[in-house]
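Two complexes, one shared chain (chain A), two partners (chain B, chain C).
Take a look at the complex of A and B:
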């Protein structure tokens, strides 16, 4: 055996110890920086909160934001709605860019009325700018509106409808109170 | 190099490798079971939610393994399961709504009794500790009502399959048998049917003796651990979120106690879809006991109600009846003595006439 290539006992033990230490460190998986969001960034979540609150505003019942609609969308975007990831990234960015150009503010910092007018224009497909070409304004508005409805009225297990808020609003008992037909013959 | 020397080196290497494995595994295992959950269990993204909810619960002072056991405490199947989780995770199929299996849940149940021995003993002596055999092989029930998927809403709610996987045949003729005989003695209504272990709450603490509000009736609840396990959604619904029962006796609305715990009871002890009092499994008090909660008479874990009458009624009542010897039969819904809806006139014949006469006199007095 070539002496230089010999795997010395000392080197073997050193490597083994390093491996042992490595195993201990493995317990902490190399996580991405801890964030409460799965797909959205912190800024995107603030914007989306404002958007869903516009679509389902709070009255005597909580609105889209407090019902956890943003959480629903975020959760679905890394699940069944992966296909919409690009639309959200592009659309949310376009909204902020348009707001900055037009109002020198971010969407969430606009007044309630300004936000409403902005979204009405989006819904009507009358947004200006390169990002909104080919009817993306109307398309993106519909996407958020549909997802907001799903998040608000759907099952809480999907991330929205926090504390069954929409069920309560509609006076729907959940879980339904209903017994079995006992001993009827 | 001689064969003998190669043999010796190989043997030594093997011994060293085994030694390193034992030391590294032991170190790792010890570390894993002693370090905080944030550094261990929560390393798995799938378990992060559970770790965080536990940290907000009244069980926050417990380590995960005190209830869930260690990776090896229940044999090697835990290791295999974790391995499968890693593989699933690597394939980007991770599930943040991760749930423990019914078998694992029952292992946790065995750990509940370490701290809650009294409650466990009460539960064991009561009807809610019923096992699969007695629920699903009851000839009286099965011959009068078709076993169906909805049975699992209140019995065997943590079972992953359907009722079809539990019992056969699914008809009213029988004879019925469990598909998996080992399930026979498994509890069908475990603690977690009514308790959400990770629910928001604070551990019990000693009161502030200088402030009566922290001792007496004004004491604030630190959080309910009661919650109904909704099999359909696979989540616990805290009692504060459960709907309040509305009930009618004919057209008359029945007064219902505003006891949050009762909202949990009526999820299973429920009336028919029209919410008519006394139908199906409804046991809501009416008659002289209308407005009382289930818990006014039933002990929470054993559900025992024996001697509960005497809590409100003196041993010899005003009408000279010994309440401890009264017939309070409830098994027969038609019994006139059914304690759930016994009325004055069931015992005192002509009481309705007396009552209406009293009303007439009172009204006359009011008019004058």
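Take a look at the complex of A and C:
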């Protein structure tokens, strides 16, 4: 390949990225470009990051977001949790809609305290609006809460608990060592 | 190409079925042992808590799978819900060679003498089908002994003054206590209780050609990586296979018991590993598919001779479903009580198993197996944060400081707690599925409360600085300890089988699993199910050798 060709190909890639981004701004594009998620849209993943960080916040140890909990949930939603796809799509949308009406903001842009209060209301089943009817507020909260705990405290092989972070936090040796006979007579 | 006729078909290679397979094939009967699952090993899911047999959120490590199996839950208001095996309402045990005995906690309890005569001991109870067993503890004692020696139990019942009499000790010395159990042991003595080491179907020393336990942390809900835990899959089933008389057909699902034009039982239909429908004939059939699935198979076997299902003329098949109401307390200690030495559960008391004032029965109390991290995230005192910074901090600070004492409260049998077959829903093979309905007896909660109080008292004495109770006893039971759905008895009107597990009035059809239990003891049930396997299998074998062909 000659230099010229190489250059133009690189240029083409840059250009097309700009173009896609621009298109998104212009049209009603739901998926930001290059979303690497399996089920979630890019925007949903940003929201879910904020949610799981609330469920398991960072302290001296990483929180739900950095431990890959969103990745865990996304992975399960196309696996064993396929049956929850609809709840997630509906629930995440309802959270943003409620935030827009009440705060004119996305959930992830609320203050930490506002986010916490929002989730406490969900947990207590006190959300207003059609989308939350029949106890869907509480149900969806429990779903996220439980899945976040699973992603953070379960085996890293499912996409969460990055670098065994929760096991390290709890001072548990992992992986469990096989071959040591500790039986005392 | 048809299957060769055999002497005996056994449906289910679990606790009961595995033992029967060995008894019959060693006695010379030709046997086909059907198992809907396959061989399971530790490596399949390793130490993965989310796919274990205890926490099943992402699936059951040892079956059944969510793709092909489902059940129906009927609520008190009449509404129904389809449940998957990984969901709690399914009431699962397992589906693989060995079934629950691959991944169980392996506590190896003999029931007490009272457990075989609850009606005599406690009189009739309103709203309960309480009854004495048609056999006594003494009748079953030799079978317990066989189970203990052939599979291998570590324990020392001489330290438990409430244990029923035995002729022979358990074959292996008991497990030593870890830090938590030692603290509880000492506290129990101070309280005047009678602590003793939990008998375990695990090797404390090498036994049966398998090595000793090396005490890691995944001892319940997982297979044992070194085979130190005894199940039917690594003891009696291999013996059956070595006899040359037993063919194990894995990944085969038995769908119906065949009744011929004369009303005789002649065999079963099943789906083979390629989902093709097949027929296997035999002289006699033993159903050991677990309390829920045995009832389902009998109820699904309808014909003009058995319009309501086999053994169900009086409507007792599937009734009296029992498990255990787990009840107890938690305590937080100042210092770490966790020393990472499995299996974890090792100290028990039977001081409150029977002869409690005002309640029927009772149960053992013991410390718990090592808890895994996700399971612990759901263990919090009432009022404590269920999420957020405080929840995370609790997890970090208290994981190694929390101990649990709990036990299986003996449930009061309830006729309305039941297994039926759903009229609409079928599984992958088109077989009508189990439909569960009913609840525990309302009085169970009272017994649970008493046991939880004692558990809390025990934890406090051991030094817990903060304690709370978790009281069981509501909702439908079943699950891992499922039992009772084909009760044995002398009266065909109020039971399903006779005292040898034979379906009343059907000469060549037997049941050998937890279904037979008239009540479920204040203990985990597996050793009793194995003992019943020896009883039923032993009876069939000895009759066969005498020339009885069960015609």
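In this section, the second predicted complex is superposed on the first by the 142 of 185 C-alpha atoms of A that agree within 3 Å, B and C clash if a C-alpha of one lies under 4 Å from a C-alpha of the other, contacts with A are read in each partner's own complex, and residues count from 1 in each chain.
Definition applied: a residue touches a chain if its C-beta (ideal position, glycine included) is under 8 Å from a C-beta of that chain, and two chains touch if they have at least 3 such contacts.
Values in this document were obtained by computation on a predicted structure and should not be read as measured data.
Trainee: Return the chain, chain B or chain C, that is in touch with more residues of chain A.
Mentor: Between chain B and chain C, C touches the greater number of residues in chain A.
Trainee: Which partner chains sit in contact with A:164 here, chain B, chain C, both or neither? Use first/second/both/neither.
Mentor: A:164 sits against chain B, while chain C stays out of touch.
Trainee: One more residue to check, A:135. First (chain B), second (chain C), both or neither?
Mentor: In the superposed model, A:135 contacts neither chain B nor chain C.
Trainee: Classify the contacts of A:125 with the two partner chains as first (chain B alone), second (chain C alone), both, or neither.
Mentor: Neither: A:125 stays clear of chain B and chain C.
Trainee: After the superposition on A, what does A:56 contact: first (chain B), second (chain C), both or neither?
Mentor: It touches chain C, and chain B stays clear.
Trainee: Both chain B and chain C touch chain A; at which residues?
Mentor: 155, 157, 173, 175, 177-185
Trainee: Any idea which chain A residues touch chain C in the complex?
Mentor: Those in contact with chain C are residues 54-57, 59, 61, 63, 76, 79-80, 116, 119, 123, 145-146, 148-150, 152-155, 157-158, 166-167, 169-173, 175-185.
Trainee: In their complex, what parts of chain C are in touch with chain A?
Mentor: Result: residues 46-50, 57-59, 66, 86, 176, 204, 212-218, 225-226, 340-341, 373-374, 376-378, 386-389, 391-393, 395-396, 399-400 of chain C touch chain A.
Trainee: For chain A, which residues are in contact with chain B within the complex?
Mentor: The touching residues are 1, 12-13, 16-17, 19-20, 23-24, 27-29, 31, 75, 155-157, 163-164, 173-175, 177-185.
Trainee: Show which residues of chain B lie in contact with chain A when the two form their complex.
Mentor: Residues 1, 13, 16-17, 20, 23-24, 27-28, 31-32, 35, 39-40, 43-45, 96-97, 140-141, 144-145, 150-151, 228, 230, 232-235, 237, 241-243, 245, 266-273, 275, 279-282.
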